[in-house]
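Got some structures for you, see below.
You will see chain A twice below: alongside chain B first, and alongside chain C after that.
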Partner chain A sequence: MTYKANRCALDALVPVALVLGVALVIAGVVWTFTLAPLVQGAELSEPVVIAGQQVTTKLLLSQKIFYLHVPVAVSSFAVMAFAAFWSIRLLMTGKRMFDVRAKTAMEVTLVFVAATMISGDLWTCFEWGVWWVWEPRLTTYFILTLLVIGYFILRNAIEDPERRARFSAVFCIVAFVDAPISFLITRLVPSSIHPVVFRTDSGLPPMMLIPFLLGLFGMLLLAFALTRIALAINARAAEVEELKARLEEQDAQAQRASAQEALDRLRAAGARVSTTVPVSSSSAHTPEGVGSNPDSKDAVASSDSSSKEV
Partner chain B sequence: MAARSSNAGKRPSKFAQYRALLTKDLRQELRTREMLTSMVVYALLVLTVYGAALSQVGDRVQVVAFAGGMLWALIVFTSLLGLNRSFAHETESGCLEGILLAPVDRAVIFLAKATSNLIFLTVVELICVPLFFVFFLSGAELASTTPMIVLPLVMGTVGVAGVGTLLSTMTIDTRGRDVLLAILLIPVIFPLLYACVSACSVAFMGVEGTFGTFWTSLAVAVAYDVIMIAAAWGLYEFAVEG
Partner chain C sequence: MDPILAEVYSTVLPAAPFVIGAYVGIWVALAVYVFVLVRRSKRTERDLDALRQALASREEKLEQER
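What follows is the complex of A and B.
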């Protein structure tokens, strides 16, 4: 099964998704910094006038991270869901293909998880004034990060490809249990500082909702395109590995065959020598014998091959 | 073994298989006492480190406020050691291969192994938790609700034994298995750990009106146990060598 045969119709969409995703994310970012209003934070000690408007609360510029941070986080959950799905498929069918897919999805998840952690931590720092708090959403997402890293450490620790595929699939499924917990924790633990963003009455005015949705769909398209591209690369790499292994095997086979052929030739020559000139093996080994007998090389080889046979 | 020879020719029931596997583990442990000794000594060492960590604060700090967290740190680290050991002697003389060759359901192997791990963890806790009270809480005023910590302790231990059995089976043949088990187990059991620490802390403090948190945390721990043990049970056949 070659890579070409594995290509499906989805791959044709990749360039479109990539361009559209980048365009949507850029549009979202531009909207974020131009049209979306600033969010009001803590109350100021005295009202100030900014751009002709009287303001009584601190305006939070750092809230702008929200328009990228949340889409990246949602994309990480989405890609990890695919990793878990392909892990389940691997355990069901046992096909190598699904191992490559699950691994690829986890690689993309790791990229998005890292981006979420960095953007989230910047936000935490500027909005809450601390680098880290053990708040439920942060904690569960941090655990998700550790699980994704643990997945790759587990993969690296196992040599045998078949076992590696099986074990990492099992771990991926177990690890994925944390993703819905992390997503739903703001609903489960109401004391969480993170607001519930995904609800029908999210309370976001259209000017803020539209850039957010643009960013969200753009990021999901980007995640899809990245996963497919990484998949193409990894599938090719897996194919190259397989071809390399097959080539090595063929090479070894050819070497074995040529060695066997040489051995047979020597054996035949030895048999010829021993029938025409009956020489004892001891005399053939002596230097005098070598010097006197022009056929001594064959005789030595025949004695060697016969000893090998034993 | 005894169960099998008594009804020769007939396939032993699932329960007989389970009992045979469990008694094998218990008998092996009773004869060598390898795992229990190392776990108890290790727990004592962790308590000693706690002693050093808290030696400078004297009476100024109310240990009761974070006793739940300390207790669970002790349990998690001791469990890691025990779980690593529990499969070490399975691989030593090809024991696991022998078990897998026998026509035994993989789920039965999982249950037997998880039960034996649970028993060992419980024994270690029965020794260490009283020691923890003696060392760190003998001078403190304990709330009347303190005995309630038994509930989160039981739920937490069940979860650790269940998930730990799956993960230690997977890590047993890998490079650097001791570290790998810790890397995989601690994040996976984190929700359980969080819930149990919160329930234990509420029980230790015994403040009126906070018991809603206790029951919520306990419910989270029970839900985690059910989901994770069901997942581990289902996935176990892929984790042992087929």
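What follows is the complex of A and C.
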């Protein structure tokens, strides 16, 4: 199968991925708020029986943020991995299409990073009582956010497309190094207070695991669909920009050519005049000297008429 | 309300605005990006039309010159 056929096959999957992604996420959200049980918090002063079940702890609604917060964060890592991959491909091949792809993937990454920060901060604010804590996970993810924003600042700062593509690719690859660090930091630093969701002994009961997985796969499908749609639009926009630049270049070339033609005609006219009109100064033999020679009024008139013709 | 039940649910209601805010925030972020994409797509179409027109008028001019 050729590269183009692969691309067409991927594009054909976009509507399916979009619809399925939205459906899975909605199903996950509905499950989260209807069937998934509330997690248990602090101990109660005395146990109580609710709906035939003994409850000994407070119930936490805020944990429900994680059913969508974690999938969004994982999607941001996944899309950024593609951005880094396409940046490497750009450096290997030098093809501009990989620059458009990497830029598009970074755009989608920025959206998912923003969504992660919004949802995460709201959880932090409720559970920890502050909007921000400089703990390892939050700090590394904040650095990732700044790096993603920095990527676009860098792109806007460089005008030459070739340099912009190369510099941005290198920056993207370096920025991506922070993604696995941010993902693994809660495991690497045991003192981290951020909850660890992805682990083999998480002990999530099926009624909690299923909505989480629905949200995760739904968000990944949404990220894929968004990236492909954005890629199609950005590729087209890049083509239009390139066409515009080429047309402008053609216009400029045509203008330069006509100006050169006019200059040549002027020089030829000047040369003709200098051969017919006797002059005392040698400067009159050069076209530049035609206007400066007080004896060559005819030449001036002739060159003027030539320039008017132009 | 039973004081024990009130204690059980004491963190549920205060958390609701934060949970709703988080879910809405995620969808708003995605919706804003979709909106940006739609606008960009429309602008590209407009530019493409302008380029087509420019090309047509240029070709017309060339024909006249011939």
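Just so it is clear, the second predicted complex is superposed on the first by the 232 of 310 C-alpha atoms of A that agree within 3 Å, B and C clash if a C-alpha of one lies under 4 Å from a C-alpha of the other, contacts with A are read in each partner's own complex, and residues count from 1 in each chain.
Quick note on the criterion: a contact is a pair of C-beta atoms (placed from the backbone, for glycine too) under 8 Å apart; a residue touches a chain by one contact, two chains touch by 3 or more.
Everything numeric in this text was worked out from a predicted model, so none of it was measured.
Enquirer: Counting residues of chain A in contact, which comes out ahead: chain B or chain C?
Expert: The partner with more contacted residues on chain A is C.
Enquirer: Tell me the contact category for A:Ile153 with respect to chain B and chain C: first, second, both or neither.
Expert: Only chain B is touched by A:Ile153; chain C is not.
Enquirer: By the touch definition at the top of the document, which applies to A:Ala84: first (chain B), second (chain C), both, or neither?
Expert: So A:Ala84 meets neither chain B nor chain C here.
Enquirer: Is A:Thr140 touching anything from chain B or chain C once the two structures are fitted on A? First, second, both or neither.
Expert: Only chain B; A:Thr140 stays clear of chain C.
Enquirer: Once chain A of both complexes is superposed, is A:Val240 in touch with chain B (first), chain C (second), both, or neither?
Expert: In the superposition, A:Val240 touches chain C alone.
Enquirer: Where does A:Arg166 make contact in the superposed view: on chain B (first), on chain C (second), on both, or on neither?
Expert: First partner only.
Enquirer: Considering only touches as defined above, state whether A:Ala73 meets chain B (first), chain C (second), both or neither.
Expert: It touches nothing on chain B or chain C.
Enquirer: Mind working out whether A:Ala17 is in touch with chain B, chain C, both or neither, as first, second, both or neither?
Expert: neither
Enquirer: Along chain A, where are the residues that touch chain B in the complex?
Expert: Residue list for chain A touching chain B: 91, 139-140, 143, 146-147, 149-150, 153-154, 157-158, 163, 166-167, 169-171, 173-175, 177-178, 181.
Enquirer: So in the complex, which bits of chain C are touching chain A?
Expert: It is residues 2, 4-5, 7-16, 18-19, 21-23, 25-26, 29-30, 32-34, 37, 40-41, 43-44, 47-48, 51, 54-55 of chain C that touch chain A.
Enquirer: With touch defined as at the start, can you tell me which chain B residues reach chain A in the complex?
Expert: Counting only chain B, the residues touching chain A are 163, 166-167, 170-171, 173-177, 180, 183-184, 186-188, 190-191, 194, 227-228, 231-232, 235, 238-239, 241.
Enquirer: Residue numbers of chain A touching chain C in their complex, please.
Expert: Per the touch definition, chain A meets chain C at residues 29, 38, 41, 44-46, 48, 50, 55, 58-62, 64-65, 68-69, 72, 107-108, 111-112, 114-115, 118-119, 122-123, 125-126, 222, 226, 229-230, 233-234, 236-237, 240, 243-244, 247.
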